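Labels A, B, C and D are assigned to the chains in the order they are written; within every chain, residues are numbered from 1.
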Amino acid sequence: MKKFTKLSAVSALSLVIGASAAFAENIKIAFIDPLSGPFASTGTNGLHQFEFAADYMVNQKGGVLGGTNFEIVAFDNKISPKESLIQLQVAIDQGIRYIAQGNSSGVANALTEAIEKHNKRNPDSRVLFLNYAAVDPALTNEKCNFWHFRFDANADIKMDALTDVMAKDESMKKVYIIGQDYSFGKAVAAAAVKNLGEKRPDVEIVGNELHPIGKVKDFTPYSRKIVASGADAIITGNWGADMLGLGKSAIENGFDGPIFTYYAAGSGITAAFGESGKGRIRLISQGGINPIATEEARATYEAFEAKYPEGNIDQSRIFNVIGMLSTAIEAAGTADDVVAVAKQLEGMEYDSQWGGKVFMRPQDHQIIQDMNVGVHTDENIDFDYDNSGFGVYTESTVTMASMDSPTTCDMKRP
Amino acid sequence: MNDELTTDPSKPSQRMRAGSLSLTLTPWIVAAFLLLVLPFVFTNNSAITIMNQMWITVIFALAYNMLLGQGGMLSFGHAVYAGVGGFACMHIMNMSDFFAMFPLPVLPLFGGLFGMGLALIVGSFSTRSAGTVFAMISLGVGELIAACSVIIVAFFGGEEGISGDRTYAMPFFGNEFLQPIDVYYLTSFWVLLSAALMYLWSRTPVGRMANAVRDNPERAQFLGYSSRWVRFYSFVASGFFAGVAGGLFGINYEILTEENLNTASSGVILLVTFLGGVGFFFGPIIGAIVFTLLQTVLSLQTELWAFYVGALFLATVMFFPGGLAGILMMHVPAIKLGKAGGLVRPYIKTLVPALIGILGLAALVEMTFHVRHAATGDNEMTLFWTTFDSHAILPWIIAIGVTVVGLGLARATLPAMKEAWSEANSVGGKL
Amino acid sequence: MSTPALELTGLKKSFGKAEIIRGIDLSIGKAERHAIIGPNGAGKSTLFNLITARFPPTSGTVKLHGEDLAGLQPFQINRRGLSRSFQITNIFPAMTVFENVRCALLWAQGYKYSFWNLVNRSRSLTEGADAILDQINLLARRDLPAGMLSYAEQRALEIGITIAGGADVIMLDEPTAGMSHSETDYITDLILKVTAGKTLIMVEHDMGVVFGLADRISVLVYGEIIATGKPADVRADPKVQEAYLGAALEAEH
Amino acid sequence: MELILVNVIDGLVTGLLLFMLSAGLTLIFSMMGVLNFAHASFYMLGAYFAYQISLALGFWMGLLVAPLIVGVIGAGVERYGLRRVHQYGHVPELIFTFGLALLIEEMVQFVWGKNTMPYSVPEVLNFTAFSIGANSIPAYKIFMIFTSVAIFIGLLFVLNKTRVGMIIQAALSYPRTVEALGHNVPLIFMGVFGVGTALAGVAGVIAGPVLGTFPGMAFVLGSIVFVTIVIGGLGSLWGALVASLMIGWITTFAKSYNVQMSDILNAVGISTPENLGNSVFRDLWTVTSPQIADILPYILMVLILIFRPAGLFGKRES
């Protein structure tokens, strides 16, 4: 038995090592996100979109650098910072130079710091961090670094665009802000207060509070407060089960205004809201799905649906990540020198198939793009989510949102 | 990988006379040697990172077993002591002037002291009784402190946690601990030291009485010992070593988050310790090594890793409540009788087919999962280094065949193995 | 007259409405062997438990060497020189026989809660434990788990643990319960041997043992002592005859 | 004033739901000494089964059938798993249920995937029963209250008026004696485990549509069920009821009102220090009641264990 334990350890560890030898010619992107546990659904959907995008946009078109393919290597971080750092090390050892991650700003924060330290300590095996969904503003402000690129609008930009749309509704007099008790939730609340104060000083913020993240079983008491406050609208940054719980509970318990939010589509949430959320839930996103922005996008979505009938393209920015990365690699003429690739990514302007231009702002590596505010509905929906017949229909667009927003980032380039 | 430590704490080493000292030292020397050479066998950074993680878990699991195995106290919130020790270390790392005054290898000591400090406070009321009351207080306190981690942002840093940079410490003989391998030797030093101290602890009067109180608190009372104080001392010592593990975590990852405190981490360490075996000092060491491998390596291979781990735990608890260490130690009588050799052939005859059968079963599970959840048209799957079409009938027939034949053979040869087992343990056996 | 080793005054104990011990006064001198007998349910074990603070008394006092034990925990009483065995065997079954005895020696040898001494480095612990094992004739079983001993051996071990700490007041609760004749004789001799010079208080059903061992006997019936005295006097007391002894003696034969 | 009344109703719903879980658990815990960590997993199974059945046969068949399936599975787990582990002691039993919880969650994901299921309130009950001020009380909540009260009454009846109930009550207090009297204790254990898990299943069926049916639903519920029965006192059905309602109301009210720690501290005469900005205690001063609402039961439990280890209504300590 003793021997067995040791043998299995040897073989297990050599698996880790051995994997690096195979497929050396592919450009590999490590996808480090939860694939098991409570957040697995979001992670898995993201992985499918990455795999599809790499295959459809790069490999089927002959690859980059004259025939090199993209390969997505999935690592399950179980949404744990510790596991993420272990998997990051494993990925680096496998010779992977591009790390994609999006779920949880906490994990993103751990990764960006670890990557900065790694790149400082190991100039020979530097890696880039492609952040496709972690939206804590700090990542492109005080915590920014040269290796981190954010392809999603940050919480401030999203709120800026959301409040632009909200401000047009003259009948709205009272707003209730509620969010999860962590950095993102706090960032959303702060941005909402600031933006509303600037755009609609007459609007009264009747509530501003945080609830424990992922722990609230029943949102009824919160809904009661919201209803009692006489709010005309709710602003929340909630996601996952917290979004669903809050939204359903508020509607059920007598709240009759709109709910402005960030993440209330796909991953079963659209289906679960169904009829009850129709016309009530308004969310900020980028990329036009309904109506579809371009014919190219329509073809992409149809191909995706053929492959994943139960899947959604709910993070169209993932296609931008792949598109921009392949463009940058082509321009740099190498995939191994990540500094060269990063320099290409900085300041890149890219025409997204999902509509509009996207621009990677060089001073903080924050992407700037058109932001849409859509409504949860079953009317005029070409591409629904969760096969529910419901989807998000774009009502208004803010072009190149927050192009000139300030940043505290002090970018240090190698 | 010091699973060579086969010293059984339930049996006192009565050897006091000179000469036998080398015998008790052997496993430690072997362990130290292994710790030293392992990085030369597994040279890449990820293997070293995984080994670091293993040694940290080893310390934590051994500390946990001071409570569960040796003291009979079931804790549902032990992660908080490791976590608080770790957070304290991160704050020390960020106090640049103070941190620059001493070398990095000393840092875990501070972690230990902070873990111990918290254990002193909590232990003062939680160790009054063992059993359900202790378990539930540990659960309550664990939840409380885990919840505080997002509320008391000044100390715990909210959900982002607290991060720092280990390289700002005073260089230790010129080493700034830039690379995982430097940290590896630091961690190895501490794992050896902590394991040795915890082992020695079990041989001290208060360590022996911890066992006595676990088995029969009332009798211990009538031997002049307060069960409560004996438990309290074990609890505080366990808190110290948990804090050391937390400090090492801080050095390795340079970040601590809510994850280090929450009840899931506390649950994991309970599973790790139990998987290894609570009855033996070296049990948790095996548990920590096996579990870390499962968690980091198996999860790279399959999405369903948690499913297998859950099944493994159920099987262990149902058939081998002594854990992996218990399975190893079951063979000691046969080895002492010189009859262990007779077991090899029956083992091969039963266990190899059983293993193949289980792998076949796993293949079926993976294939079902693939058919159910993979993308439409994506019929190709890779399993055991072979790629095939999961919608074709042949792979299914093969997998079912392998499963049935493997498990069938194992079942057929099981009586022979049982017979060999009783044979190896009978005649001349002590009991 | 010197202070009695153990003195009970007006000791009472009720569980709910049921009064189990109904006022006991008893004084036991130094180096006396005192037996407490009585029919089942008379409250003998309860009395033991009151003395050793397993339960608190409803009223009354217990004095050990003149010191009031009120409010003390069992381990504190033990440290003051009183040690007891249990009616149901109460040892550490998972530990070896040797370790059982060694644990019993730790406090007496002043180790307290020390974590800077190694038990197997202490010559006095090892030799002391071996000496006790020799006394109770279990040296041959030294390294077996205590749970594997025969019943009689476990009872002997329990007595060994009880006397190991060097207490001068020893309380034994039915040391020979459930034993065969030969085993009983063996244990009786053992008790005589190991309690020489000490105060012994025992509860016992076997009249042979009682009359063979005890200097004085108290008869407990329904929570009250109806007679105390030398074995011959007690045997002759008509109240005792009536209440208990007759039946018990008959059963003996 | 209106809000208080609304909160009383909401707290009642939460409390009664919790009670359905804790009632089964307290029976299991006090009879068998098993801390059944998988109890919440059976609750989850109840919701998933009901969802699956409701697709084909409608909500009401789900309500009827799903708890039965869960109960049978629970009895099977006891018969073929727990009973085997029972001989090794309580810790292995606990680990067993721990592993079982892990495995059930994985199996649910295996079968139903990782997304939230669109399991929703039946059309018949999908209306507002009445409104208090602007707050509407959904009919489904009234239905939940009636269902749980009916179950509680049924349980009381079985326990107090039937022979089986008498044996169970006796076994709660004196498990060994009951065995000595010749009752088939293993069968009673299996039955109690089955009924206990079926009750959890009922809770899952009726909670699934409002609280969401997703793989993490058992984890979110977490250990609060243990807290309930410890506060109430092990083995006490009334204790479980009182503790459940207490927790329901405490958490509901704590979430509904924003009370800040500084308010409380100021009220008892401690004034807020000047420079809170950098103080370590800054966060303590600004803690609000909704932030800590969900940990209040844990604080309560620790206090109760320190000062009254038997719980509010309990007779034994462990």
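Definition applied: a residue touches a chain if its C-beta (ideal position, glycine included) is under 8 Å from a C-beta of that chain, and two chains touch if they have at least 3 such contacts.
Treat the numbers as computed from the prediction; the structure is a model and nothing was measured.
Within the contact network of the assembly, the step distance from chain B to chain C comes to 1. Mean C-alpha position of chain C lies 48 Å from that of chain D. With each centre defined as the average position of its C-alpha atoms, the distance from chain A to chain B rounds to 35 Å. Distance between chain centres (mean CA atoms), chain A to chain C: 74 Å. A straight line joining the Cα centres of chain B and chain D is 31 Å long. For chain D, the set of residues that touch two or more other chains comprises 113, 291, 294.
The set of chain B residues touching two or more other chains comprises 147, 151, 306. Contact with two or more other chains is made by residues 37, 181, 212 of chain A.
Which chains touch which is summed up as A-B, A-D, B-C, B-D.
Against chain A, the residues of chain B that register as touching in their complex are 1, 3-4, 41-42, 44-47, 49-50, 53, 147, 150-151, 158-161, 163, 165, 167, 178-180, 249, 253-255, 257-260, 286, 289-290, 293, 295-301, 303, 305-306, 324, 327-328, 331, 375-378. On the side of chain A, the complex with chain B involves touching residues 1-2, 5-6, 8-10, 12-13, 15-17, 19-20, 35-37, 48, 52, 75-76, 78, 80-83, 85-87, 89-90, 92-94, 105-106, 109-110, 113-114, 117, 121-122, 136, 181-183, 212-213, 306-309, 311.
For chain D in complex with chain B, the residues that touch the partner chain are 35, 81, 84-85, 88-89, 91-92, 94-96, 98-100, 102-103, 105-107, 110, 113, 222-223, 226-227, 230, 234, 279-284, 287, 291-292, 294-295, 298-299, 301-302, 305-306, 309, 317-318. Residues of chain C that touch chain B in their complex: 52, 54, 73-75, 78-79, 83-84, 86, 90-96, 98-99, 102-104, 106-108, 111-121, 123, 126, 143-145, 148, 161-162, 165.
The part of chain D that touches chain A in the complex is made up of residues 2-3, 6-7, 10, 13-14, 109, 113-118, 120, 128, 131, 133-138, 210-212, 214-216, 219-221, 251-253, 255-256, 258, 288, 290-291, 293-294.
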